[in-house]
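This structure is in structure tokens; I'll ask about it shortly.
Here the chain labels run A, B, C and D in written order, and each chain numbers its own residues starting at 1.
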Amino acid sequence: MNASSSEILTQGLTVKLEADLDKNFGETIAREAHGEKLFGCIQCGNCSAACPLSVWMDYTPRKVIAMVRAGFKQEVLSNRTVWLCASCYQCTVECPKGIKITDVMYALKREAIENKIYPKNFPVPILARTFYSEVKRTGRINEIFLLTNYYLRYNIFKMLGYASLGVRLFMKRRLSLFEKGMTNRKEFRSMLNQ
Amino acid sequence: MKYLYYPGCSLKSSGKHYEISLLAVLQKLGIEVEELENWNCCGATNYMSINENYALEITARNLGIAEKQGGDEVIVPCAACFMGFLKTQKYMESESGIRDRVNQILNHSGLSYNGKVQIRHPLDLLVNQLGADALTRTVEMPLKDLKVASYYGCQLIRPYATFDDQWNPHTMDDIARAMGATPVDWPLKSRCCSGSMTSTMTDIGLRMNYVILKEAKSRGADVIITACPLCQFNLECFQGKISRKLKDDVRIPVMYFTQLMGLAMGIPAKKLGLKQMLSPSLVLN
Amino acid sequence: MPVNEEARVGFYICHCGHNIANMVDVTAVAEYAAKLPNVVLSRDYKYMCSDPGQEMIAKDVEVFKLNRIVVASCSPLLHENTFRTATSKAGINQFYFQMVNIRENASWVHEDKEMATLKAKDLVRAAISRVVFHKALEKKKVPVNPDVLIVGGGISGISAALTIANAGKKVYLVEKEPTIGGYMAKFDKTFPTLDCAACILTPKMSAVLKHPGITLLSYSEVSAVDGYVGNYHVKVTRKPRYIIEEKCVGCFACIDACIFKEAKFSDEFNEGLSKRKPVYIPFPQATPQVVLIDDKTCIHFKTGKCPQTCAKACDRNAFDFDQKPVVQELEVGTILLCTGFQPFDAARAPYYGYGRYSNVYTSLEVERLVNASGPTGGHVVLRDKSKPKSIGIIHCVGSRDEKTNKWCSRVCCMYSLKLAHLLKEHTDAEIYNFYIDMRTPGKGYEEFYDKLLNEGVHFIRGRVAEVSDWAINDHEKGKLVIRVEDTLIGMVRRIPVDMVVLAVGIEPGKDAQDIRRMFNISCSNEGFFLERHPKLAPVETFTDGIYIAGACQGPRDIPDSVAQAGAAAAQALALIDSGFVELEPNTAFITEELCCGCQVCINMCPYHAITFDDGKGKSHINEALCKGCGTCVAACGSGAITQNLFEDQQILSEIYGLLVE
Amino acid sequence: MPLTEQTKQDWSPRIVAFFCNWCTYTASDLAGVSRLRYAPSTRVIRVMCSGRIDPEFVIEAFTQGADGVLIGGCHPGDCHYSEGNYKCLRRYHLLQRVIAQMGIDQRRLRLEWISASEGKRLQEVVNEMTETLRQLGPSTIREVVQTVIK
């Protein structure tokens, strides 16, 4: 089989061809994040240094912004970096250009969910989606149901590590199966279905 | 003046002792609260990650209930709920498209939100409205010689700093001082506790909590006080695990600021939810 | 609508290259104008302001017997004078001219050519309808007072004062501090040549003092300004030093004799890094060499129970504890504002720990620390007297930040490099520079950067997020930890240092708004004084005869400030040497027959130009005092007041022309 | 004349704008130099000071068919002639009552303080006012006046 020149040249991880970029990605995300001025970013890196989680990220937040506006859609959305954002807003309050980076991260998470290209079997989006359907079902969060469902979807064996903590909390009545919930769940659900 | 009260899911379960102690303290101070009828979850960070419209709608529903129920101010003690409420309020205030769409949906349930209800955190109420002096006057057992590290976490003051200094928050320190204790100055008072990451990326979550516990201890604190159920849960419930895993004893009492106040104000431990704590809790002699 | 049968209007529309023609269909407008009443001639031309354009008007006036000219082009604030002169050269009164702004007000701000053309037609119709009612007027010439007031005695004010005085003019230099010299006097060395600031500044300061043409009013502030170009009346309030300036010889015997044996009050000149006594001189080379008493700390002023050892030590009887503020009145023709800047208050960036950690310094404090005549005699030691082994210099503090100051302060990169060099020289510490972008445009500046790169100073590209004393290992214990992303490497770094230097930016002075109001000039959005034109009139303001130079107009280093001071001095000298100014004849007058004597107009006038003649029972306007705002005209119920150039009929015709086709 | 949705989109109101020479006129020059795009609705008449604006000018503009009148002056305290803008403000309040009695919607007359450096503000004000006038539709006062005269 003949390898094309482009295949040969892109075998390394350091090359990206313009044709493989999604040129509208930056604008889509900026719009999704309520007109954030992504293109005003001066790449100063304050966000990365302020972020308490950047040490565990594959890309620093600054790099994420650079990649988003350059159109590296696949790389950004399939990576776990955005899911490590804990929404602490430290970057947002420090950004000298007033970019609400946390909201940009939210927009990226939503875009990933919508495009179904978030990292597979990665716990954070699974918890988010479990939480989402739990609230939709009952209107409030019951931590027992939330966590049980989450571990069922993610990895039931991991739940074992939390069993003793769960039991202790249960004994202290900080977890309960019978917490009073909403009375008109149907109406609440229908609101979300509009 | 009647205050509306939105507890949120945590204060009904893992953060039960926050609710118990908060209500006890407010009662002692003569502040009446009325729980929102049929409130729903605020959606926390998860709804924002999945669907922004839904996130705003479900929070606006609570605000709509508050307006319907009457009353000018709603007390929101959970930091995540508090921030979510503020965020929804700001979006509905500044973007007419969002305001109209959300209200259209609320209308189906006979609700609407017009920005009338003010969103307040108990710290705001206690420190900025009642004032430290008034709190001091209620103290029966001053917490003399107690060194307190106030831990504010993230969403109480970020991105919106409505009642405290974003860069150097002080309201909990003010309360500690009013209770006769000595606040500890430390640099991690608003560093993130990792939120729900203790259940998802456990390793990262535990490490993030470790640095906070470690620093508070090394600055000589006897107790950490918080105002967020997730912060309190993480710092309290995982400290044993953290100490074992990272082979460093970082155990330290982690309480809600309302529990600390209750102790100083002479409220019996039973009414402060102290029995519901896992970590060594602070009982005064 | 009345018409003027005799008016013969020549209409010209300018393409301004593509600037207008791209968005306004100029030929269509020209064709449209040709059909309007009174229009004899209508042309479009590439550049009306060019010589051929102006000559065309002259030729047409002759051939077509035109007696009114309308030009549709740019803003009248830019070229009204050009075309008035052209009109006058063509042999008709220059006020038979009207300008239509279709560039700034149309082609540059619209996107729909059809609508822009429609708007241009409306505006042209209005101007033609107005110009037929124009009257011939003469500009009034008034002599220019050759004396000059310069406000601010920093390097800009000093340079301008010397230039103007050397040209033989009288200069009043007003400085609010007890000494001239400004911020430059506090610096140690200057970039990029590293010559000593004092060595190049102090000779200039003493030249100011010795110059027979310069009257130095130090420790004084302008308190009122009145008048107009060529004839300003200024009140200067001289603050009490409690020392008779003429008697003091600067022997400082009084300072030694002060009842306070130890200096115990914060020394402003040393940025609070040292102490001074209540009787003091800011620094040894202060100009004038006159001591002063700080009445807020002096025992005499606080209690009245001081034995006045200072006064007794003075063998020239220079002390006068009863001095009060004195107002001095000046008459000048031109004014130069060189009021400078203020450094950004580092406490407004709480994440860098200024005021919280004692080892965080501002750049200005470090200027004093490295200065041989500074509080430590040039030894760089921290507040605990230890010598720093590692130093982080954080650039852009307060600058390039939407929450504080949006702009780049221009000087910080270079002075940070300078301080890096000096600190390295003084301490041999490890030095880190944290920058967002390195900005070194200027003669010899990039070379200076290159020199530093090779001196072993570390450069990290990234904005520092936080400075804190949170140590995560023994290496960081007891240090200040700087958290930053090294954006060139893409990793977050924690760098422990002994000392942090905050390169604070330049912002408008605290009193910039008060000064602006007093001198009737404008500020741009960020609060620096607004120049008349950003490129073509950078030292002029919208108020004639008032010029600006130095950092009051925008962030600026010493070479640029001196250059700008020279430019402002040249502008002032040009005006003085022309001998007179021509005033816009837009003053108002009262037609006595129509005046009913109600006196409503009198209270309208902010200049007290209107008086009431009791004998006649009529009001009268003193033309010399009238500034031409027209407020009285609008207030006159009987239509007795007319404002030249803005007559009711002219404006009403303009309105009518705008709206009625 | 009530407008259909379609013509509402196409129709552009005509605003007579009286700008003072020192602040608002300079701001409009700045908007031009900065290439800030705004609706092509204004027709500027330059006066030295907003204090020069005779109420008669405003009434005349409306009766000759202006859909709106915008007055621009210096911010309070910043008037080039000390206090002309205050005089203007007084007349503006009076005018608001007069035009209301004439049956002109009060939103058709607007007074704004726009300093020489606020090109952006000028853009916003013009766009906002244009939008308001689009909602209100063309002014009919000219026809009314003409009928009365007849």
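As a working rule, a contact is a pair of C-beta atoms (placed from the backbone, for glycine too) under 8 Å apart; a residue touches a chain by one contact, two chains touch by 3 or more.
Bear in mind that the values here come from a model prediction, so they are computed numbers and not experimental data.
Of the two chain pairs examined here, A-C and A-B, it is A-B that is joined by more C-beta pairs in contact.
Put simply, the C-alpha centre of chain B and that of chain C have 50 angstrom between them. Each chain gets one centre point, the mean of its Cα atoms, and the points for chain A and chain B are 24 Å apart. For chain A, residues touching at least two other chains, in rising order: 90. Each of residues 351 in chain C touches at least two other chains. Annotation for chain D: no residues touch two or more other chains. The full set of touching chain pairs reads A-B, A-C, B-C, C-D. For chain C in complex with chain D, the touching residues are 75-78, 101, 103-106, 108-112, 115-116, 118-119, 122-123, 126, 517, 520, 522-525, 530, 542-543, 586, 604, 606, 627-631, 633-635, 643, 646, 648, 651-652, 654-656, 658-660. Here chain A touches chain B in the complex through residues 34, 52-53, 56, 84, 86-90, 92-93, 100, 102, 106, 109-110, 113, 123-129, 131-132, 135, 139-143, 147, 150, 161-162, 165, 168-169, 172-176, 179-180, 182-184, 187-188, 190-192, 194, going by the rule given at the top. Chain C meets chain A in the complex at residues 351, 396, 400-403, 436-437, 461-466, 483-487, 490-493.
By the touch rule above, chain D contacts chain C in their complex via residues 12, 14, 16, 21-23, 25-26, 28-29, 31-33, 35-38, 40, 42-49, 51-57, 60-61, 64-66, 77-78, 80-84, 87, 91, 115-118, 123. Chain B contributes residues 9-10, 12-17, 38-41, 43-52, 54, 57-58, 61, 91, 95, 105-106, 108-109, 153-155, 158-159, 166, 190-192, 194-197, 199-202, 204, 208, 237, 241, 275-278 to its touches with chain A in the complex.
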